[in-house]
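Next, two complexes with chain A in common: one pairs it with chain B, the other with chain C.
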Partner chain A sequence: MLDIEKKELMIQTLKNKVNKQLLYYLDVCARCAICRDACHQYKVTRDPKYIPAYRAELIRRLYKKYFSVLGKLFPKIYEAKDIDDEFLLSELYQVTYACTGCRRCMYYCPFSIDTLHILSVAKAILLSAGMENQILRELSDAAIMKGENIELFKDIFVTMLKESEPEIREKIKDKNAQIPIDKKNADVLYVALSGMHSILPAAIIFDKAKINWTLSMFEAANYGYFLGDSQKAKTIADRIVSEAKRLNVKEVIITECGHAYRVMNFFYEAWTGQKPPFKVSALIDSISRYIKDGLIEVNKNPSSEIVTYHDPCQVGRNGGFFEEPRYVINAITDNFRELTPNRTKSWCCGGGGGLVAIPEMDEFRIKTGEIKANQIKETEARIIISPCENCRLQLDSLNEKYGMDIKVKSMMEFVAENLKV
Partner chain B sequence: MTEEIKADMELDLKGLLCPLPMVRVSQNITKVPVGGIIKAVATDPGSLADIPSWAKSTGNEVLKTEKVEKDLIFYIKRLK
Partner chain C sequence: MNMDPFSFIVAILVYVAVIVFVAGMTFKIIVWAKSPRMKINLGIYPKPRNGFVRFFRIIRDSFIFPQTLEVDRWMWVFAMLFHAALFVALFGHFRLVREFTFVSNVIGQDNLNTLGAVGGGTMGIIMLIALGYYLFRRFASPYKDISVPEDFILIILLAGIVGLGDHMRFFGAVHTEDYREYFQSIMRFKPAFNEALAQSQTRWVLSWHVLFVNLFVIYFPFSKLVHLIGTFFANKVRSE
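For the complex of A and B:
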């Protein structure tokens, strides 16, 4: 049972989140159930709590209880629920943090109801009661701590970067190639992920394209966003914004990480009311431009293996990049075979929304990735490319579980491997 | 002479990409007693930032970090 103070806080949070957009979504849903078959989680589990309309229904029940006259007077008839209803809270937690935020349901909904928006309200309510997902909270706090304590890791991290430079020099036959850090007035600040797998291939491409770049000390991933805590998400993004301002760069290129690009390009301005004083680009778009502009050249048809492409939901449906990755793949191979369906109707792989980092979700996410695994098998491809870290981690899991016998690659890795030197 | 640190648990995190090394440490920290030590061996350089930052933000302590060829070895003490 929640104490009165927490309960009041949750009600107040819901009140603060009630706006025209939320009311429209809650009012307009016709329960047509088209969203049901658009959701990979329902489609695989057949558990009704994963139907997008039902996820929204949980918030609707709370709204009725506190903000609708009929719900207040006749809660049983109108299915209004108390905010401390344990069963409702348990379901709300499960369906909210299970949602990958793929927004496939929104594309199928005749009224374009954005379940992700409704679940952002659910996350805010859960956060206000301290009922948020623990590992996402720890990841967010660790990211903030990194920003405040660079000395914890900087020296050893820079040493490891320097040790990697000979590999770049060998690859592009350039003895001056390097991974610059803290370079003032660079044109580009590249924000990678934590590991070398997202630094080395990008460094090879930037150095070959003769880009005046520097590497960010911070990772692009923003677990504050997955947690649903916009304050923490903003603090995490601020590390990069401050670094970009300090180095006076013109452009910030976000690595192949769907949500990280969206945070920097769309949400940061919404949270702060300030437009960042630099251009924000997605690496997939930059690579495509470098090839179009002749800054890099790639080898055509290096092998006869069939290549397919998974549209990450945050890069494609939610980020708008559909043709850029296809342009790059087609520049390298004539053996490209699409998944069906693709682009706006692409199935989610099941790993987004931070699910790959939540151990208790492991079994669920691998099970609900079955549709994607079947799609991939149908192409008979031996290489799958996806410009999103969450997707790649999930595709690796699916590869193992469903015996797909496929190599999972990032776009930068695919391009760096096939770079003409 | 360097003092040997005796670990209560060893975690092989080689090959895991970030943030999974940190996630695995977090999952296992309550499996050692307060005052107990986890020896975690990772290979992703991102863990150099992730694990110490996680320890600091959760009130635990990284006693020592070693780099042995490509292995990154962390000794993490559970403080609470």
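For the complex of A and C:
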């Protein structure tokens, strides 16, 4: 049993999260469960608690209990539950932090119910009860800590970058090429992930395209968003926003990371009430523009290896980039083969929502990635490209587990390899 | 006034039902309208190019929801059948408000009566079959795991309404004109049976039919059936 004060706080949290969208979703769901087979987690596990409608139903049961007249009078009709119902809370925790946020269920729902939106409310309630996912919390706190103590990290970071510069110079045959950092009045601030794999290929492309760019000292990933803590998420995003303001850049390019682009382009406005004061772009969009505008040129790859593309949910269905990545791939290879289904109907790889960062979810996410693995096998592709770090980590796991014999690449890596110099 | 106490109470309950329905739906819409709107648009891509396309998509997604067909064919088929039959049957009931003279003038009164009998009967059977599908689907796993009593209450109420309606359509010896007189007596706030209804056992079927409709209409604004209106708003969010 939770104490009264905590219970009140949870009810208040639910109340604060009520908006138009949430009410539509809570009021109209017919529990037809058409969404069941839209969800890869239900389709693989056959466990009813992973049906999107059931996940939403848990929040509906709380809502009915406290905010609906009939739900208060006749809770049994709606199976309305107390907010400190232990079984409900434990199920809520499981299904909420298991959700990858792919929103495939929303695509197939006749009412277009956004289960992810409902589960963001679930996360807020769990947070107010101190029941949030601990790994995601620690990762969020670490990111905030880094933001507050950036001077401690800077020297190591700069050393790491300097060591990589010769590689760029050799690759694009330009002895002045570098990875600029802290450069005032640059046109572009590039926000990468931690690790050179997301910095080096992008640097090669920017330097070849002669972009006046600078590298952010922070990584694009936002574990506060996965945690569902909008305060922490905002603080983490603010590190980049204030860096961009300080350096007076015109455009912030977010690396190939599904949620990071959405955080900067959509959610930052939701959390702060204002749009960031610069243009936000996704790296795949920028790369396709550079090729179209002739800033960089790519070689047609002579290899006959089949290349396929996985639409990350946050980049495609939820981010709006379907044709840009295909344009780039088709510029490099004649052997592109689509996964079926693709684009808006793309299956989630199973690694989204921060799942790849949570060790206790490893078995579950690899198991529920089965659909994606089968899709990829059908194409007989040897290379799969996906512009999302979580997807790539998951695809690597699937490659190992399901023996797909495939190379997982980011778009920038694929482009940098095939760059005309 | 020729009415037994039960039928009289049921007729009076019609007024209560209309008031509760109108007040309940108004309340619901006010609550929706007064709630804050999320600041950002979180629709699904690709998004409509302009307002015209968006409007078209909201209508398409609300009435046909084609994407559902791909993931659950039978549910889509039965949902379509049920809602279409419901719409046609409901439309047919307007003959009780005023005879469709614009139809009888063209095809003749006898043909209109035949059309009503065959059309209404078919719709009634389709609805009953669809409700049977809805109900038995809920008994099966995994649907039973996510069903709550509300779902069964609504199916039972609807099955009562449709079943009794079908009974009148197929077994009743009462004609449309007599039902029209009954309906209009309620509209004039003077509920009464005419001779034909008062003499017939069908009046019991009629009163039970109306009782189920009353209960259904009273429960409507407090149930998931508000999707009648909510679907347009929710589908709008998808396209924004």
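The rule we apply is simple: the second predicted complex is superposed on the first by the 419 of 421 C-alpha atoms of A that agree within 3 Å, B and C clash if a C-alpha of one lies under 4 Å from a C-alpha of the other, contacts with A are read in each partner's own complex, and residues count from 1 in each chain.
We take it that a contact is a pair of C-beta atoms (placed from the backbone, for glycine too) under 8 Å apart; a residue touches a chain by one contact, two chains touch by 3 or more.
For clarity, every value in this text was computed on a predicted model and none was experimentally measured.
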item: Which of chain B and chain C A:L393 touches, first, second, both or neither; value: first
item: Chain B versus chain C as contact partner of A:M196, first or second or both or neither; value: first
item: Touched partner set for A:A38, first chain B, second chain C, both or neither; value: second
item: Touching partner for A:N149 - first (chain B), second (chain C), both, neither; value: first
item: Which of chain B and chain C A:E138 touches, first, second, both or neither; value: first
item: Partner with the higher number of touched chain A residues, chain C or chain B; value: C
item: Touching partner for A:K184 - first (chain B), second (chain C), both, neither; value: neither
item: Which of chain B and chain C A:K76 touches, first, second, both or neither; value: second
item: Complex contact set, residues of chain B against chain A; value: 17-20, 22-23, 26-27, 44-50, 52-54, 56-58, 65, 67
item: Chain A to chain B touching residues, read off their complex; value: 135, 138-139, 141-146, 149, 152-153, 156-157, 159-161, 193-197, 219, 221, 223, 356-357, 359, 389, 393
item: Interfacial residue positions of chain C with respect to chain A in the complex; value: 28, 31-32, 35-42, 44-47, 61, 65, 67-68, 70-72, 75-76, 79, 141-143, 145-151, 153, 222, 224, 226-227, 230-231, 233-235, 237-238
item: Chain C partner contacts - residues on chain A that touch it in the complex; value: 18-25, 27-38, 42, 46, 48, 51, 53-54, 57, 68-70, 76-79, 103, 106-114, 117, 266-267, 269-270, 273, 316-320, 322, 344-345
